[in-house]
């Protein structure tokens, strides 16, 4: 069974079987990923790129194969279009500082959406502070869907860049990114898509989307922590200055001047997270072998089941009811604060997240300080959803 | 035996037992480190900081304990003075962009040394390009030691920052950093020390050194890839703006303005390399349990032995003959290019590095394109050094 | 689930249901907000300090039962104290809630002492301490306190 | 060590010992350097192109036996070719050295074909191809070629 591939799911918490519903924060990893990480440390433990000895060669090969696996997963034209990063946060910061910064003057605009994770807000705020540019926001409605009526006005001659989340980590909303990308391009505006929550759940095809940049976090797509990938169109990557300076990203250094290496090395200064990259490649291969259709199908089943199951809890209100939605459920319960719910159901083995989920503006919109969030992955089961519901009923009873 | 703790050393290469002498590129990791990484993935697989559930709590605790272990290893006043980074390269870039950049105007100077790794050159070149500042270099002599005669002139009123390597990765030279730090401070100049090669080999005490910043790479000190630590004096860290923007580094976000979190969170945007940080903590604990005195003693024995053993190879010239030296041996052999040596001895199981070792200016000084480098760690043996020497004799014979 | 009952004792549930000195008063001299980013707790405190005495201590905001009960108990124990006395109580409270300390309580803290059991739930300690840090911020003229 | 002997064949060792067309000529029309950052190989090529013909091809630099022998062989095979012919040889050479291709050789490449065995040593392929990329850079007026 697929679930057996994930040893982390076998844990007990407070003497109860773990019910892991915090997948949007970080996923569990399959054995294939752990084996790849350990395989590197045990049998190919060497630095990459710069070695002539056998282990350095095989480590380099594994690392570059991993890049290839990720390119296949998101259908990038070439593995060279992928830069290994620590995660989505670094991906966004890299694009902000190396691609966007030099294009901005005071008064220019950057367009994001109300559904963004802090990782796709703060780097732009920092950039605005550095350049005098202005941050604009596509609004959202009570369902947690973007309102595109004003898009024509928001995307204007001052707009120099756009960055939107593919799937909201807080509400599960699946944004119409293809449409947004087209709208941006119609105005000549390049666009980054934050795929942190999309890559683990749906088929991503960067060529079909035609986005300029796409970024994913390894730890959310069943890969190691500290791994991730930024895809960029080759024309952009070739033209961009480097992000960090250091070894591996240069081809010649003198104290007077330095010649940078070709893409993607130009953006991978220093020794990378080699084990992380190799593990992430294994995660991509794992997902391809499970099949994205199967993952999407299972997500759909779990979403429907959970939506109905949660209705058994009186006074529970789901925040985020978009028509297109991933199996992520943010909710509040009358009379019981999210934080208390989290603590109580943890005692029944149920792991959920509470708070603002790094999306404070979403909760400001709803007039809430935060929510309880149950986020599912394809390895979750209907039985686990039942345990969630039971534990919520117990939390309610405690506060009755 | 200590050596048994390092499973990577048991490999065979081309049918020969591995002789791993590429430790300056990356070290082997002890079982304790692999166990810590796997332990996280198997039993504490959750995101940190933001969770109320049990696994998130224990993951957070392990991560913060690791920070504590590293603080103990380098004797930092508080774990809060340590920022987790990907490695030394990121550490230097972070300091350049957040601490130094805003202090520079055109014509100001940054002082480094001729012994620097590209990671401690290129970030400063990029910064000079961004600000119009000028890079100055402490020269070195034929032994590969820094020449400090002109230090008074080099450290002047225009000098706004200094950054020097503690131990050279190419030549093994141990720099008199305490003296350099004092000289910098006498001029009111803050100073960063690149400890990539020092942390794995010698006792580092940042309080005794009194440096402003100190950075280490996890993968070189027997820890996981993609891990590392930047130490900074609290007064600096508190005053510096953040590096990357994202989750976890903020305490409040609205679209209008954002309040940053306290140090060290302010500098750790996004989901960090959790497994890497925990593994690095285990590496620090491992080193403390072996004992730095024992490591230093073993280094010394191996250095003396290797120095003598290499004299058996006619025409071999050691590059870098500093009085204070780590067991790192860069050498060239008459009539055999380093790259060919590397390939040939690899066939006898011996892993060394060839080329410029990310220190092109050092080899420009010596009029060489590169060298062969054997870099030892405390777990290497005299027998392994003998295999190196035999294999070098065979390489010579092949080209005779 | 006896552990849970230790956390959600009757006293805490009762204060949570009927928080004392809750709501924004008409006037105050000092104000600060306390934020716990981890869980979305928000506590606002409003002080009336006259001649160095905390004549009134009110709070509101949206927070969990622990934070609400703690704030409610805190207002009861600290109203009428001099600023210096308040500092002394705060020191005692911090000592009591320190993870590394023994389960020591202080008579001066009155019912606040019942919060000592929160230490069994490390992730909830910050909920309990939030309002105290907010008052400290207000007294010192800082607009915001965040729990570290 | 038969593998090693495949790499360091007599032909290669001989060209390494006595490289042809080695040394900076007095005059040239095109020049570029080839850098292999991985191993510190540096090859400089000097071309004299007249009326679209490579009348002279020289090289120097400090490089390993594979890079030196490859450059030496390359100068022998390419001197006298038209630029168009050179491009065709370069294409064949790239095909021959492509890791993914079969061990196919081309008669037109003459002794250069003996380099096909370098493919058994993936980390050394770049040594063998360096000089060809440098000539390509020189022809196109680029100062530097780096092997990817």
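Order as written gives the chain letters A, B, C and D; numbering starts at 1 within each chain.
Going forward, contacts are C-beta pairs under 8 Å (C-beta built on N, C-alpha and C of every residue); 3 or more make two chains touch, one makes a residue touch a chain.
Because the structure is predicted, anything quoted here is derived from the model rather than measured.
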| item | value |
| --- | --- |
| Third chains touching both chain D and chain A | B |
| Graph separation of chain C and chain D (steps between touching chains) | 2 |
| Taking each chain's C-alpha mean as its centre, the one farthest from chain D | C |
| Mean-CA-position distance for chain C and chain A (Å) | 36 |
| Computed distance of Cα centres, chain C from chain B, in Å | 45 |
| Separation of mean Cα positions, chain B and chain A [Å, integer] | 30 |
| Where chain D touches two or more other chains, by residue | 37-39, 123-124 |
| Set of chain A residues in contact with two or more other chains | 14, 50-52, 56, 250, 252, 339, 342-343, 354-355 |
| Arrangement of touching chains [line / ring / star / complete / other] | other |
| Set of all touching chain pairs, with the criterion as stated earlier | A-B, A-C, A-D, B-C, B-D |
| Residue numbers on chain D that touch chain B, as the complex places them | 1, 3-4, 7-8, 13, 16, 37-42, 61-68, 121, 123-124, 127 |
| Complex interface listing, chain B residues touching chain A | 7-8, 11, 13-14, 18, 20, 22, 25-26, 28-29, 34, 37-38, 41-43, 45-47, 50-56, 86-90, 92-93, 96, 117-119, 121-126, 135, 137, 217, 219, 224-227, 242, 244-250, 252-255, 257-258, 269-276, 339, 342-343, 346, 350-355, 357-358, 360-361, 364 |
| Partner chain B, residues of chain C touching it in the complex | 35, 37-39, 122-124, 144, 146, 148 |
| Complex contacts: residues of chain B adjacent to chain D | 14, 336-340, 342-344, 347, 354-356, 363, 368-371, 398-399 |
| Residues on chain B engaged by chain C in the complex (per definition of touch) | 49-52, 56-57, 61, 250-252, 259, 261-262 |
